[in-house]
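Just below is one structure, and these are the notes that go with it.
In order of appearance the chains are A, B, C, D and E, and numbering begins at 1 in each one.
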Amino acid sequence: MIKTTVHPGPAVPGSTSSILEVDGLTKEFGGLTAVNAVTMHVPKRSIVSVIGPNGAGKTTFFNMITGIYAPTHGSIRLDGRELVGLRPDQVTEAGIARTFQNIRLFSSMTSEENIMVGRNARLKSTFVDAVLRTRRFHESEHEAREAARIMLDFVGLSRWRNEIATNLPYGDQRKLEIARALATTPQLILLDEPAAGMNPRETEDLKALIRRIRDELGVTVCLIEHDMRLVMTLSEYITVLDYGTKISEGLPHQVRNDPAVMEAYLGRGAAAGEYGKEERANG
Amino acid sequence: MELSVLLPFIVNVIVGGLILGFVYAIIALGYTMVYGVLQLINFAHSEVFITGAVVGFEVFRILQDSTMNGYLKLLIALIAAMLVSGLLNVLIERLAYRPLRGSPRLVPLITAIGVSLILQDTLRFLEGLQGRFDLTYTLPAGFGDKFCSTNSTCAPVGDFLRTIGVDVQLKDVILVVVSLVSLAVLNYVVNRTRLGKAIRAVSQDRVTAGLMGIDSNLMISATFLIGGALGGVSGVLFGLKFGTVNAYSGFDPGIIAFTAAVLGGIGSIPGAVLGGLLLGVIQNLIGVMNIFGNLLGFANLSTIDASYSKIGPFIVLVLILIFKPTGLLGKSNVEKV
Amino acid sequence: MVNSAASSSAAVHQPVAPSTTGAAMLELNDVHSYYDHIHALKGITLTAYEGEIVALIGGNGAGKTTTLRTVSGMMKPRGGTLTYLGEDIAGKPAHQTMQMGMSHVPEGRRIFPQLTVRENLEVGAYTITDRKLIEERVQEGFAYFPRLRERENQLGGTMSGGEQQMLAIARALMVNPRLLLLDEPSMGLSPLFVEAIFDIIVKLNREHNTTVLLVEQNANMALAIAHRAYVLQTGEMKLSGKASEIAKDESVRKAYLGDD
Amino acid sequence: QTTIKIASISPLSGGQSNLGTQIRNGVQLAVNEYAPLFKKAGFNLQLVPYDDQADPATGTAAARKIASDRAILAVVGTLNSGVAIPASAALAPSNLVMISPANTANQVTDRGLANMNRIVARDDSQGPAGANFIMNNLKAKKVYVLNDKTAYGEGLAAEVEKALKAKGVTISGSEGTEEKSDFSSIVAKIKLTRPDAIYFGGIYNQIGVFIKQLRGAGIDTPVVGGDGLDSSELPVIVGKAGANNIYYTTVAAPLEALPAAKTFATSFQKTFNTPAQGFGAFGYDAAKVTLQGILDAARANGGKVPSRKQVQDTIRKGTYKGLLSGEVSFNSVGDRKAATLYVIKVKDGKADLETSLPVKPPKN
Amino acid sequence: MTVATPPQANPTVRRPVVKPDRTVWLMLFFIVTSVLLLVSHEPDVLRNLGPLGSVLRNKVVEALVVSLFLANVLFAYLWKAANWAKLIVGVGSLLFVLPLAGQADTSLLDLSIQVMIFAALALGLNIVVGLAGLLDLGYVAFFAVGAYTWSIFASPRFGEVLKYYGSNPGTTGSGTLALGLVLTAITAGSMIYIRGLHGRVAPTRLSNLSFLLAGFGLLAGILLVGRSILVLASGSAAALANGINPGFFWLFLALSIMAAAIVGVLIGLPVLKLKGDYLAIITLGLGEVIRVLANNLGLYTAGSQGITPIESASVPWFNSLVGALGFGQDQYYLLFLYVLVLIVIAVILLVNVRLDKSRIGRAWIAIRDDEIAAQAMGVPLMQTKLIAFATGASFAGVMGMLFAAKQTFISPESFNLLQSITVLSMVVLGGMGSFSGVILGAAVVTLLNLRILPGLGEASANVPWIPQEVNPANFNRFIFGAILVAMMLLRPEGLLPNKRVARELHHEDDQEDESKDGNASGLNQGGDVYSAGLATIKEDDKPGGNR
């Protein structure tokens, strides 16, 4: 496999330490190379985006980072620690949390319980503790419940606390997934199309939420989105994939004006400014 | 031991296993069809196919004294068994499974077990009324004969088989032919026809199939009809091959056949056939393991006798599934994460 | 409440104003729908005339999806009347309404994961028996979304989110429906394809006179191509009118279009 | 009028219900026959049938239940030795006598329970009898021994094998199988090893299918079995053509040979609309022993209802004549003192007496 | 034009259902059923009751009385009543009335033990199936393991085994013991080391291989140790002709739990990767494998002949106590087992409840709902499933041992597939995931099989107009099957459904009749009670990491 590294080096000018370093990551499905030697470094406490046309390999890229797919080649390091070969739960324990493109909440649990599961990995109590109801058990339970309360508050879903998760409106389910992921106290959170199914107004709220995740919780955010308004205003750095290959990366305005990106992804008129809004409505 | 004795022995064991395998395969298809569309292990299928065997028995008994051609009798038996088993299967689905659409899947599983128990006692009762319990097939003359052993006008194939000492009987040939024909027909229906595609769509997502204009209840009924009819065929073949059935004799082969379906990959028609054949052969090979143990001088192998042949399939299944978690020819569920 | 049925001023993409004097194709009158005990539709009244694009907008959980599901027969309304082509279809199961010329792109795509792309399309044409016609339509779908042609034999379940969305739309178009129900067709699609989808909707509407009931979060674009629009909120119809007027409405802009 | 009940335990549903029902029916016939006698003695006689589903746990539960019903004075059962062993243990504390019409395993009486009796031979006499027949009459030098992996079949086959080995006969194969339909691998092995005779410890519906396939493969080797083969169904299953060269040991003379048996067979057929088989006759005999014992005990008790202990002791001590299987009396552990083992030969689908030999249990 | 404000969906308000206080009813019911139970088992009293006596003597009535009496406990649990009343009813019925009735009718004790054994099995299987969503059709295997663990040692079998090793020592001696111990220590040590290593760095093929190798080494070491101990101890074969000292009973209570748990892990390791019905059929097969092994390893298990007699613990003070209370000598051990089983099931229930509301319980439900999401939330799949398997197995193991002690005879026939299926039906019938439900399910099915059906057969046996052929005794399976079907059709969520499952039932992939009842319950995908029979990810894209 030829490694085509487009823009190596630190991502955002000025920031030096990367929390996630992905190098030459490749995934082949039979004859199809879904992700092709992608290199990407995510600076600590940044908000970065991965964009690209449908089927470009973005979700697959996330799936490899979180251990759901084993990469064909390449390495993934979180804070210097190699992640390739770890199971998904180990990756989570190492500090990466994620949401899914198709929402995957635990359908028989309430919102609160969903988040408590997210907290599981961080709890100290064991099987024996649970049976004997030791102090450690009670502390753990308290911690989990507390985490759920805080996270529900954080994403603004407190009123849904005891509702079955899958009964929530779509947009709220997305937020709940984020809360659940945050409950694992990650260093890095991967969001796969968090704004899908949200109207522009809700997307605005989401944008604020993502900023707070970084600012208040100090969690690095990496997201996949097709909503360019969100991507361009939120991300500090953008990587663009097409047919599995990185075709561009850089600051939002750089990427937006990159002809390769326009050609492959944004389409006509995209460079003009904010995408999709006025041009049509005002027509 | 000389090769001239050993070779036919091995060949016979394998051929016997293959024939057994065809029986399993065609039973397995009944499970696979229903499993495919409802994700339900239809425990009642073993009784559905035994019902077919019972119908076949009755047809042969009624036609015992008629001078009708033996093949015609067989055809009548097959058709009658297909009809009865097929309709029985549809009826079971209507009464016992359909009201439970949407329940957790274990719920219809338990009803399936319940239906299976009901049918066992019912069959036994019905036959018991006539003073019968074990039903012994009396086949049309010539059916059970050795492959052209008495007749001087032997087909060359028969001669050949005889010289190498293979015990194939006419009914075995019939069994294989009928199985192959049913398999081919089924494969065509499921993969090539509009009906087949609709059934597959229903099996994957009933609601969305509805959005395509497909009546999912109708398709499920059709599936049960086809599965039951296959059960009927397998029942008659089972009776033909082994001679005797009773109300309870479906259970064991039913389990093995379902294992075959799983081994081949649930939902896959060629998989079920492959699984059935494989298990038939393996069962027979394990059954003769002690002979090889004796010949080769492995004491440990010699203790593996016929009583292990029952669990052979499961051990093979474990070994294979460890390496191919979705069976030999099973398609993995490709859920996009 | 604005409730003008007539539509005179057309948006950019719609050269021909549909006739609204003809009979309504779809009429919902005070429809109520439930999920168990959740009262999701609390008396929805809505009309779609032949050849119209009607947009349904509203926030999360407003009941847009539920409305489409009720129309297509995926769920049965517990109250109100539901007429399609002059026939009462309340309680008719989906497979029957589909045979009456409807087509529904459901929320969440719902591709058949174990069927190939081509088989997915063929199943979409279940109500058609003419093999030649089916093949024609498959090619049409491929023309709309070349990616599908590339992946003709890939299993539906392994396609990417956006690719599945394309497939779901192409599948719904296989029958050349009279009434097309679209539930967030642009979801998960890249900007290029979002445009393509809207172009296709307009084209169908223009060339085949297809009536479209369109649910979109991308309300700006939806209102741009729709003739009329309804605004839903927590299961109730809050507003209805010409799309262009709705698009200008201050409260709507604030609540759904993200203007501050 | 006081009610006296006897109970039967046998599998009435499930795969062995055919045999279990035979036992129950045999008992019922005896009860019908004895009801007038009991009436005369001032008792109302009833049978309560229990289903053990051939499962030891179910059988034990049934036994405990029976023990709690004080009107029940005796039990006839069971079909399977595996059920008889725990069931009799559960009945023992309440001195409830049990007469087995079918259980041949040694352990059934070897435990020395006061309440457990049987009217059938033990496997350690049935086994050697079969073995002797194989050596002396069939003159076999090489024998293939099979069993059905149940307590009965495996125990019997082990006895046969022991006896054969002791006499220096070669055992060319010895194995068990639970298979009920497909015997092709075993048939192939037999074809390969060419034994002079085959012994199969098991029950007719399995062995019958085996013999059918054996004959179908062109092997005419004699097949020998135990009381499990004693059924009129056997030749039907094997089929007329192949039903040759089959022998089995049993304690009941062939039904046709006895005038009493003829009456029994007709009334059985008339009452239950199915032909009587060996176990029906055994059930009938066991019930007759039981009922006669109760009557005797009642007489000894001055015409009053006897206690269970009295019934238990009376039966162990008594001698009963005129049964289908001859005279019955028990030794100290409840084995039938002197039984005749008949060797039956099936030829052209007809069962005929081949030889008979007297057998005695090890203790006396 | 009304202005739309951002939607404010309200969570559905759940009105708390006010249950009426039923203390009086509960006590009344308790007294009436207790009296009925006691009276119906006192023949002397019955005789004096005239027609009422003969009604009570009817076997169906009797079975009903027993069932109603047991329902006391259920009502004490379900009804709202004063706590003292619940306590009186619970303790009173289980510790006083039932043993008292058992004195007159020992079969009641047997029945109650059987009910509790099955209840424990159902609770164990409930963890595996109901909580963790792993369909296990071979559950009875663990029951067998527990039963045999005790039976082999507490019966003449042990002497036989020792005798065998005494006469076939091979080259085994004390040297072998030393070798075995060293091998065990080394391999166990390295396994622990490698595991620790895997916690820190990603496993490589080499490290996995060495782990596997060490595993085999460990197995060999343990076998060597076991063998040499047997050979060395063979001298005392004669002394142990009737099995080990029953005093070891208590030790074996722990050992049977461990043995079953270990077998659970061993079976689980290779197969728990599989999903849904693949797992179901494999566990079914492995259950059969264990039964066939028991049938074939004649030296240890006596094969089809079965092991008998099996000892039970004998506690002198308990015996003298119950002796003083007027129980017969032959009832001592049953009564002892009754009390013991009662304690064990109480412990099991406690463990269940505690696990359910804990980290591990949530993890089980999470993997049942969505394996991938659970894993992404940091739930280790294999480990969590293995714990479920081992926990479930250990319940079966301990009850297997008590079962063996109660029966005094066990043979492989008692551990067939039908038993596994019966336990499964108890779980589903009672209400998957609900503890009170599965206990009720166990009680109902056991009562049906051991009381009500036989009672029907008995009651109708001497009714002249019912011919023998259609005597219900001949239709035990039919009736049982019909009841299963009927109950499932009437109450698919189970008798006492778990709230969680009941909720889910209404969000199932039920794509069917919602159009009929105006209820699109089926539109949510996923969330099945056990994971679909299909692997989630293509084989060639194994999840990262090696298990």
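FYI, a residue touches a chain if its C-beta (ideal position, glycine included) is under 8 Å from a C-beta of that chain, and two chains touch if they have at least 3 such contacts.
Note that this is a predicted model, so its numbers are computed, not measured.
Counting steps between touching chains, the shortest path from chain B to chain E takes 1. Distances from each chain's CA mean to the overall CA mean are smallest for chain E. Taking each chain's centre as the mean of its C-alpha atoms, chain D lies 36 Å from chain E. In terms of their C-alpha centroids, the spacing between chain A and chain B amounts to 50 Å.
In terms of their C-alpha centroids, the spacing between chain A and chain C amounts to 30 Å. Along chain D, residues 13-14, 17, 21, 149, 176, 178, 273 each make contact with two or more other chains. Those residues of chain B in touch with two or more other chains are numbered 121, 128-129, 205, 207, 210, 216, 307, 310, 333-337. In chain A, the residues that reach two or more other chains under the touch definition are 29, 59, 68, 100-102, 167, 169, 201.
Within the complex formed with chain D, the residues of chain E that make contact are 41, 43, 104-108, 110-111, 114, 292, 295-296, 303-306, 308-309, 328, 330-331, 403, 407-411, 413-414, 449-451, 453-454, 457-458, 461-462, 468-469, 471, 473-478. On the chain D side of its complex with chain E, the touching residues are 12-14, 17, 21, 24-25, 28, 46-51, 53-58, 60-62, 64-65, 67-68, 70, 82, 85-86, 89-90, 93-94, 105, 107, 111, 149-151, 153-155, 176, 178, 272-273. Note for the complex: chain B touches chain D at residues 1, 5-6, 9, 12-13, 16-17, 19-20, 121, 124, 128-129, 131, 133-134, 136, 138, 144, 146, 149, 167, 169, 238, 241-244, 246, 248-249, 252-253, 283-285, 287-288, 290-291, 305-307, 309-310. Touching chain B in their complex are the following residues of chain D: 13-15, 17-18, 21, 146, 149, 173-182, 184-189, 191-193, 205, 208-209, 212-213, 216-218, 233, 236-237, 239, 273-275. For chain C in complex with chain B, the residues that touch the partner chain are 72-74, 93-96, 98-99, 103-104, 106, 110, 112-115, 119, 122-124, 126-127, 129, 155, 157-161, 164, 171, 175.
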